[in-house]
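Each of the next two complexes has subunit A plus one other chain: subunit B in the first, subunit C in the second.
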Partner chain A sequence: MPLRTYAGQSLSVNEEGFLSDSAQWTPAVAEEIAKESGLIPLKEKHWQVITFCREDAAREGQPPGVRRIAKLSGVGMKELYELFPKGPGKLAARIAGLPKPTGCI
Partner chain B sequence: MTTTILEPHTEPHIADLEKQMTAKPPIQAVSIILSKGSLDMVYPALILANGARMSGIDATIFFTFWGLDAITEKKLDNLHVATVGNPAFPIPTMLGGLPGMESLASAFMKRGIEKLDIPPIREMLEILKDSGAKFYACRMAMEMFNLKQTDLIPQVDGVLSVIDFFDNAAGSQLLFI
Partner chain C sequence: MKNLVILGAGTGGTIVANGAAKRLPKDWSVTVIDPDVQHLYQPGLLFLPFGIYDESKLWRKRAQTLQKRVQWLQARIDSVDVDRKEVIAGSTRVPYDLLVVASGSRIRPDLTEGMLEGDWQKRAFDFYTFQGAKKLRQALSSFTEGRLVVNVVDMPIKCPVAPLEFLFLADAHFRNRGIRDRVDLVYATPLDSAFTKPACSRVLGSILDEHGIRLETEFNAGAVDSEKHVLRSWDEREISYDLLVTIPTHSGAAFIEASALGNDSGFVPTDKQTLLAKGHSDIFVIGDATDVPASKAGSVAHFEGEILLENLVQVARGESPSHSFDGHTNCSIETGDRKAILIDFNYDVEPLPGTYPLPVVGPMALLKESVINHIGKLAFRWLYWNILLPARPFPVSNRMSMAGKHALIPAPKPA
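Coming up: the complex of A and B.
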């Protein structure tokens, strides 16, 4: 497993840059992953999505797909794509320190 | 003569990772040509387009021939599964042609789709539109089926000739369904 340094810690990530252990995630780590994708600074709405993704993944055992995020996080589909223009499906999960979502919707 | 001393890379693993990640150029855009109007063709097209948008890939769907049913206001809520001419269908083709078989199969498929929490076609189209996907209808097929743009859902971005479609699809990956 490759290692990357985020917020002063050396963290194990998979080949696509998703954290291997979501427990090692901190908001500072999220900021730095977001920076890699040109998302700086993370705004309040980003945090609303990230927090929802982490809470939902903790409950459901898997990261939510975009439809679920748009339905339940309070951030609608259009806005979700504006917040994560490089693809909310993968990017929101990666910034939230979760694995890549397996769902297609 | 000057000598350049190359600093040893402090984090070689990142260089390796980047090398790995850049080996295959990512897909930037997909253009899906949907020519069929049965559920088993329309869903894959919409789900593929949605998966592309989720990954940050631009997605366009060009609806032609019976694919137009998926964006025709009066038809899209009543699409069926093809029970005849579908070799993978678990019922012999001769029986698949019996009256009511298509509705039965469609009901089964819809139930399965609901169980998986896959949205109905209309909601799928809305999700796609909100995600920034583009929908175009084929001009020739529209004329053939006597359809006007007012017969289509308002989310359709336009009616294109094949030539315009290809101009529009420049640089994207093409997929025919």
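Coming up: the complex of A and C.
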């Protein structure tokens, strides 16, 4: 597993840059992952989504997909695409320190 | 008398009903509730638009598919009262001691803005329903030029390889008609590659290329614009179509939501090993109705059926369920020109090349195109009616086997 330094800690990530251990995540780590995708600074709405994703993943045992986020986080689909361009489900999960949502097969 | 009640008589429900009829002690009744008088062979829907299957071959009378001991209640299910242990179907209340939810998944074109407007069943079709597939057959036969777009709106979907198979068959269909050069084929998917499993994605991605099919990834469809004949994504990408073949969002049966048994898509949270509904010791779930991380496919329902029946018999005896489903999935992927690819995988092991079901001699080839695989797929319909639904012993194991498979050489590690 490759290592990356976020907020002064050396953290293990997978090939696509998702944290291997979501317990190592901190808000400061989130800020730095977001910076890599050009999302700075993280706004209140970003945090609303990130917090929802982490809470939902803790409850459900898997990261939420984009449609679930749009349905339950209080941030609608259109806005999700503005906040997290291209793939909001994937990007929000990565910033929230969660595995990539698979959407199942 | 104790009652086993099974909700839905599709692939999973029929296997469980017939299997339970053979295995449960005499003091149990076996009842299956399903509103439809006929059983539809769903794998055939893929072939119907291309005129490869005669529609009469897709149906059997429900009564013929169920063993004598099974009582079939022809009724629409309204809800399940888990506290009183009753199924409510119209004015009837059916008490249960053990319940099996086998109500499958259904397409929800109503969940995408504009999908059911002007172009619906004129230029925009599904092939996941009998009516949809039949209408699409007419549209395909009169299609002479332009762009055909296949779009998956959202995962999970039933039979995740079916959209790709549709494209391969469409490519062959237009080639056979001598008009392939006038047709543009596009596959728009919310995934970041052709399929969810990497090794398989590489193989299928290159077949798409060879067949001249354009792949548009991470396309999350948000709306269908019937006036401009355009499919629009949430990030404002547009794909114009002359013929749209959509695989709409899927959800579980309506009664699941009414009974507060499901997640936000109406699929029942299920223990992926025992197949018991989470939080319940008297409700099992099978096939598309579950939320387990396996394909929504008949082969999965079939392999789950064996495990579920073992566990069901144990629970009926007052024991704990000790059998565990491994996520075994087996898909045959039609690639056109009477060839198919076979893939075999489970929760943990992705599809590998090799031979199936026997090492070396096969006769079917894994993760590779072959004519034998295609013949296997066509022959499967006989197995479905005569071996699988009656829950007779099937010639392949319900657990995935590594025999005959070759491990992939891992990608070189970065220095």
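One rule holds for everything that comes next: the second predicted complex is superposed on the first by the 103 of 105 C-alpha atoms of A that agree within 3 Å, B and C clash if a C-alpha of one lies under 4 Å from a C-alpha of the other, contacts with A are read in each partner's own complex, and residues count from 1 in each chain.
Assume contacts are C-beta pairs under 8 Å (C-beta built on N, C-alpha and C of every residue); 3 or more make two chains touch, one makes a residue touch a chain.
These numbers were taken from a predicted model, which means no experiment stands behind them.
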| item | value |
| --- | --- |
| Clash-or-fit label for the pair subunit B, subunit C on subunit A | clash |
| Subunit B versus subunit C as contact partner of A:Y81, first or second or both or neither | both |
| Partner chain in contact with A:V66 - subunit B first, subunit C second, else both or neither | both |
| Contacts of A:P2 with subunit B and subunit C, given as first, second, both or neither | both |
| Partner chain in contact with A:A28 - subunit B first, subunit C second, else both or neither | neither |
| Touching partner for A:L91 - first (subunit B), second (subunit C), both, neither | first |
| First, second, both or neither for A:T102, with subunit B first and subunit C second | second |
| Subunit C versus subunit B, contacts on subunit A by residue | B |
| Where subunit A meets both subunit C and subunit B, residue numbers | 2, 65-67, 77-78, 81, 85-87, 90, 104-105 |
| Residue ranges of subunit B touching subunit A (in the complex, touch as defined) | 11, 13-14, 16-17, 20-21, 47, 50-51, 53-57, 117-119, 124, 127, 130-132 |
| Partner subunit B, residues of subunit A touching it in the complex | 2-5, 13, 15-17, 65-67, 70, 76-78, 81, 84-91, 101, 104-105 |
| Residues of subunit A that touch subunit C when the two form their complex | 2, 62, 65-68, 71-72, 77-78, 80-81, 85-87, 90, 102-105 |
| Subunit A-touching residues of subunit C, taken from the complex the two chains share | 154-156, 160, 190-192, 195-197, 218, 220, 222, 234-236, 249, 264, 293-295, 414 |
